[in-house]
Amino acid sequence: MLINCVAYQEGKKLADIPVEEISEYLARPGYFVWVSLRDPDPAELARMKDEFCLHELAVEDATRGNQRPKVEEYGDSLFAVLQTVELVGDEMTVGEVDVFVGPNYVLSSRRNASEGFLGVRARAEREPHLLAQGSAFVLYALMDAVVDRYFPVVDLLESELEKIEDRIFIRGSQRANIERLYELKSKVLMLRHSVMPLMEGVGRLYGGRVPALALDTQEYFRDVHDHLYRIAGTVDTIRDTISTAIQVNLSMVAIDESEVNKRLAAWAAIFAVFTAFAGLWGMNFKFMPELEWKYGYPVALASMFSVAGYLYWRFRKSGWL
Amino acid sequence: MLINCVAYQEGKKLADIPVEEISEYLARPGYFVWVSLRDPDPAELARMKDEFCLHELAVEDATRGNQRPKVEEYGDSLFAVLQTVELVGDEMTVGEVDVFVGPNYVLSSRRNASEGFLGVRARAEREPHLLAQGSAFVLYALMDAVVDRYFPVVDLLESELEKIEDRIFIRGSQRANIERLYELKSKVLMLRHSVMPLMEGVGRLYGGRVPALALDTQEYFRDVHDHLYRIAGTVDTIRDTISTAIQVNLSMVAIDESEVNKRLAAWAAIFAVFTAFAGLWGMNFKFMPELEWKYGYPVALASMFSVAGYLYWRFRKSGWL
Amino acid sequence: MLINCVAYQEGKKLADIPVEEISEYLARPGYFVWVSLRDPDPAELARMKDEFCLHELAVEDATRGNQRPKVEEYGDSLFAVLQTVELVGDEMTVGEVDVFVGPNYVLSSRRNASEGFLGVRARAEREPHLLAQGSAFVLYALMDAVVDRYFPVVDLLESELEKIEDRIFIRGSQRANIERLYELKSKVLMLRHSVMPLMEGVGRLYGGRVPALALDTQEYFRDVHDHLYRIAGTVDTIRDTISTAIQVNLSMVAIDESEVNKRLAAWAAIFAVFTAFAGLWGMNFKFMPELEWKYGYPVALASMFSVAGYLYWRFRKSGWL
Amino acid sequence: MLINCVAYQEGKKLADIPVEEISEYLARPGYFVWVSLRDPDPAELARMKDEFCLHELAVEDATRGNQRPKVEEYGDSLFAVLQTVELVGDEMTVGEVDVFVGPNYVLSSRRNASEGFLGVRARAEREPHLLAQGSAFVLYALMDAVVDRYFPVVDLLESELEKIEDRIFIRGSQRANIERLYELKSKVLMLRHSVMPLMEGVGRLYGGRVPALALDTQEYFRDVHDHLYRIAGTVDTIRDTISTAIQVNLSMVAIDESEVNKRLAAWAAIFAVFTAFAGLWGMNFKFMPELEWKYGYPVALASMFSVAGYLYWRFRKSGWL
Amino acid sequence: MLINCVAYQEGKKLADIPVEEISEYLARPGYFVWVSLRDPDPAELARMKDEFCLHELAVEDATRGNQRPKVEEYGDSLFAVLQTVELVGDEMTVGEVDVFVGPNYVLSSRRNASEGFLGVRARAEREPHLLAQGSAFVLYALMDAVVDRYFPVVDLLESELEKIEDRIFIRGSQRANIERLYELKSKVLMLRHSVMPLMEGVGRLYGGRVPALALDTQEYFRDVHDHLYRIAGTVDTIRDTISTAIQVNLSMVAIDESEVNKRLAAWAAIFAVFTAFAGLWGMNFKFMPELEWKYGYPVALASMFSVAGYLYWRFRKSGWL
């Protein structure tokens, strides 16, 4: 679905143009074309391929979708794949933004991402001097928008982890903890898969051998890289902490189990005393003098309770009860 | 077993040629020979070695089979080993495709792989401009076919993992889970062994110092590398998740065990009360006034049941029952 | 909040100058301006941006705060982010110091850090020859101060670990140990996040391609790098030891549990003997000759105790009691 | 102990020569000397040092033995240390082969290795064109022989692992499994110690900056490297699988334990019912009407068995029995 | 404390010289000064700094002590920090050797190390041709001495590990094993901290860009590096094995626990049979014909024992007893 197809001259919006005229505008010097697609069908992409003279392999990737994030050079143009990460309720969905960048055009196509990038275009149109920096700046602006949307996701994952941590040493919550930790881990892995390859790709847009297109915007891409690096650091800490938390959770199960076992065993011992004594005086020997005593029964009861009480006191003291 | 032995001129199929004439065709400029073998015996390979002037060590590798995936340069020719991975029922079988690539020939030999590569040749013959790009393009097409067949395998491993994950928090399924996780892990390791070394090998066919043969097809090999990278990422996520799942499964065993233990202990306590009381009134003391009461028995029963009921209510409340 | 705004000439303090005159002083050769801010608001930073001609992205980072440690080049100036780590009671707080370094100025801004860097300025003013080495030396001095404050934190973490280790093989302390280990681990991860990226950043200030500013102070930055390396080594040892300690702690829980279980089972066996014997002689068979014996009861008691005693002795011998 | 000391001319064996004449032969162009030692004593090595002008440090290493595998350059000669790995019964023994390689000589010395390398020399003498390739080819041939002997060891370790895996999910074999896994792991580590450093060393004999000696045999050393790489891959898979297997084994212990516990608890419950009922009717209350009934006893027995039967049926259904 | 302060000329000892004359000797060509200190105080080091014109930062490091091992270049001189590791009884102590190396001097200072390096000096003085190789050779000799002393420590750690391994599958030794493994691990980490950074430092003294001082002694430093590499390999194997051993030990606890549990449960079942039967015949029903039988009692006993015996036989058979 075509969202926008606009020609710019010296950073200023000229007009919405029909798709068929794109190649004409590209041929005229000083013009710049910026097209946005959403969930494009193969036919749409094929038309774009003809208008922009895109590379076959790049278009194939964009048509298939489901690519890993990357930044690839095709001659003097770039092909970037970004992944958007959105949290809808408790579910994390991963979308994709494919960006074709040439010397005087940008073609972006998003899939499976509910939030668009109209704000990026609006801001770019408000500040013509930015747009005048060329197509790499548009790529930067799109990347920056995508990466900025990772931060709230990371924050949510962090706060989810903190919530679990608050309950990790509480008895009886281990089953829920482990389920939540497991689910959190899979979300973290998903986010990591969006962040790490992109970081690698962006790393090639500043510093060393940089594509001609991006030569003047290196500091901007370094900034994006830096944001990704920060996210990656947090993500790794979360992963590391989840592993430890799972281990600790298992320890807590074992410790709780062992405490419950001790308590039960203590009570079992106290009851066993009663039963053993009662069994003793329930024997049918003819000559058991205490059975004949007048106060035999209360004395028996008293001795039973005193032994049980002594045990109770000892178990209490050694922390078993 | 010889499958095909075809000479091409300017991308178009000329004729099936006998093996003995290969060296003659290779000597004439503008010709291109493409031979396919299946489960070749040493004699067949030796003949090929003579016709194509292949390097001794490469032929030795192809004869022995059972090589790790790799891409090696021998002078101006390449020797590539690919591994095919096929899922037959629940079993994963690993086959091998050895490809010898020279400036004007391709010799491919597959072993232990049920599915062939006729489709690759058919497509190449349908589109002569592709074949005209030379032998490296054929190597790319074969690699692409092999790598494309990894994707359904990865998908199956992923869906197997998801099936296990659906059962991981269900009581009583831990034994089956752990067996399936263990089996899944060994399959994942097998796939990884096919993917990782190939990725390393393909990485040398684009970007830096590239063999002369592959200079014009770098973008295609980058595409293959990119596919492998994506598979490798998924494979590593599966591995990581399996490790966590094994750990979590162990935790679940411990948690279930501890819950069952609590429930049993609670019932044991209730029965112990009955037994202790019964033992008490089964003692043979002469003077136990309650034994003489008319309603002694029902009162005894009532007190036993009320204590047991109280315990039941307490255990219920604290979640043990 | 502005703390200091001082102009220097040939290493010697000239005067406190108003913010508006900074750009004038910077324009005159031989002058050097050093400004310190604390928890600056965006307006303050915007003013500084104008006076010092700072790069937009660097100022944005400093305005937002919450950056990872880094050292970035912007043309011939540097932008460094350092993290301060302070232990207040049992809590670890992370602050931030942003340093803008140009050929003839240093602008430092600290956030969320209770302790300032007046000592650094005082020492620099006392020893004009140091300050005469230029702005990179001031950057070094600030870094050195920040990094020196990591050492007591590391020492505290180490001694906390040692305290836990002293208790790790003591029965009954496992629950507390595991909680403390978990908390210690999260502190260690925080410190690591301050140290590792800074180490990477400082690594680019000596050795290879060094920014022009820092050419003459390479040995100083190597020294900072070396300190960070030492801290990183200790931090990694602590992490490694914590992992082992958690594992060992779990083992200790299992071992203690198994010892307690054995002890309980031994006592249960002894009581079971009593109960079984008593049950035997509590049966109501008509013809049980021993019940009629005169010394039946004491003999019965004696045999019960001797069997129990035998069991006690055996359990003792095999280390169960 | 001297095994062989032979001079060759243009690849053909000339004569066995006495040790004292080695230096003379080396001085004449076109000659090649190949000496083999076994478990040499220091004096022997000292003599060799003089004849071949070997480097002090290399000779020291060979004298001491017990070196890690490596390939070192000393001027225009090479010093290689290889480790042989032999399985004698169930024991793995590690031997050492030290090879000194100069432009026109090879001196090899093996220690603690039962199998020699006469086959290598015999083959080399049969095919003079191979030997004519120079001393690096001899080094390659020795390495190839050593590395080829790793394969059966790896196969044995793999089949041992498979044997353990077959028993890993079988109840009651956990103790044996864990012992065998532990032993297997230590063997794997030993083999890894022979393979990894050698791989690193061989890696320097092809591709990048290659010692002059080995310039023409690069493809051969790449082949050795490739074999080592394959072994290393298998070894790492075995290690990884052992770790998982140990973890899984622990899980199986826990699962079996928990199943046994449930079964025992179920039987305990059934017996507890009997005991509780019997205790009830063993009480001595005067007025317990059912005790007087004619069919009281059989009814009591019947009710006991029916409750026990009900429990048995329930436990069966829920899979505890 | 000054130990030695000697001037050499062309490798031969000239005289012990007073500290004040060091700078004079250094100024004369052809002279070489070698000073050894032990636990120097700051004043001593300050004096040395003046005499040798040492770099401020290096002297600061030596004064503070407690440095990580490293090799640093300061202009044309080197500053090396080595750590000595000594086993006194069961304790491992880490000392430090700081070595300042200039073109014509060596200043070594050891701290907290009981064993000195007089042997190194003695040997150097005995063999003047070695000393004539210059100051880098002295550095090598000191390093070699320090590194040689790591070997017995590694051997001791290995044999300690073997001792623990011998006991790892023995019942009842798990608590002691885990304590010893934990202690061993911390020693191994200490040693690793001495070895790894030094290896990195020494790695810069041969091969690539080597400091001018060390150009002629590269092969010696490669030898030291090789020794360190060997130690590092062993240390990593020990670490790896300790981790596995801790895991295995935990498994053994679980296995033993589960075996003991089965045995206890079996005995409990046997006793429960006695108790249930006895309870049965202890009931007070009026009409229980077997109670009246003449041989009721012995028959009862016989049936009890036969059931118990049957259970015993079954448990025996299934390996529980």
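Residue numbering begins at 1 within each chain, and the chains themselves are lettered A, B, C, D and E in the order written.
Everything that follows uses one rule, which is that a contact is a pair of C-beta atoms (placed from the backbone, for glycine too) under 8 Å apart; a residue touches a chain by one contact, two chains touch by 3 or more.
Everything numeric in this text was worked out from a predicted model, so none of it was measured.
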Discussion item. Give me the set of chains touching subunit A intersected with the set touching subunit C.
Written reply: none
Worksheet item: How much rotation, in degrees rounded to the nearest 5, is required to superimpose subunit A onto subunit D on the basis of Cα coordinates?
Response: 145
Worksheet item: What is the distance, in whole Å, between the centres of subunit A and subunit E, each centre taken as the mean of its C-alpha atoms?
Response: 40
Discussion item. Can you work out the whole-Å distance between the CA centroids of subunit D and subunit E?
Written reply: 24
Worksheet item: Which residues belonging to subunit A are in contact with no fewer than two other chains?
Response: 247, 250, 254, 257, 261, 268, 275, 279, 282-284, 288
Worksheet item: If each protein chain is taken as a node and each touching pair as an edge, is the resulting graph a line, ring, star, complete or other?
Response: ring
Response to the item:
Ring, read from subunit B with subunit D next in line, is B, D, E, C, A
Worksheet item: How about subunit C: which of its residues touch subunit E in the complex?
Response: 168-169, 219-220, 222-223, 226, 229-230, 233, 237, 240-241, 244-245, 247-248, 250-252, 254-255, 257-258, 261-262, 265, 268-269, 272-273, 275-276, 279-280, 282-288, 319
Fill in: Interface residues, subunit C side, partner subunit A - complex
55, 57, 61, 67-68, 70, 72, 74, 172, 174-175, 178-179, 181-182, 185-186, 189, 193, 197, 243, 246-247, 249-250, 253-254, 256-257, 260-261, 264, 267-268, 271, 274-275, 278-279, 281-284, 288, 290-297, 300-301
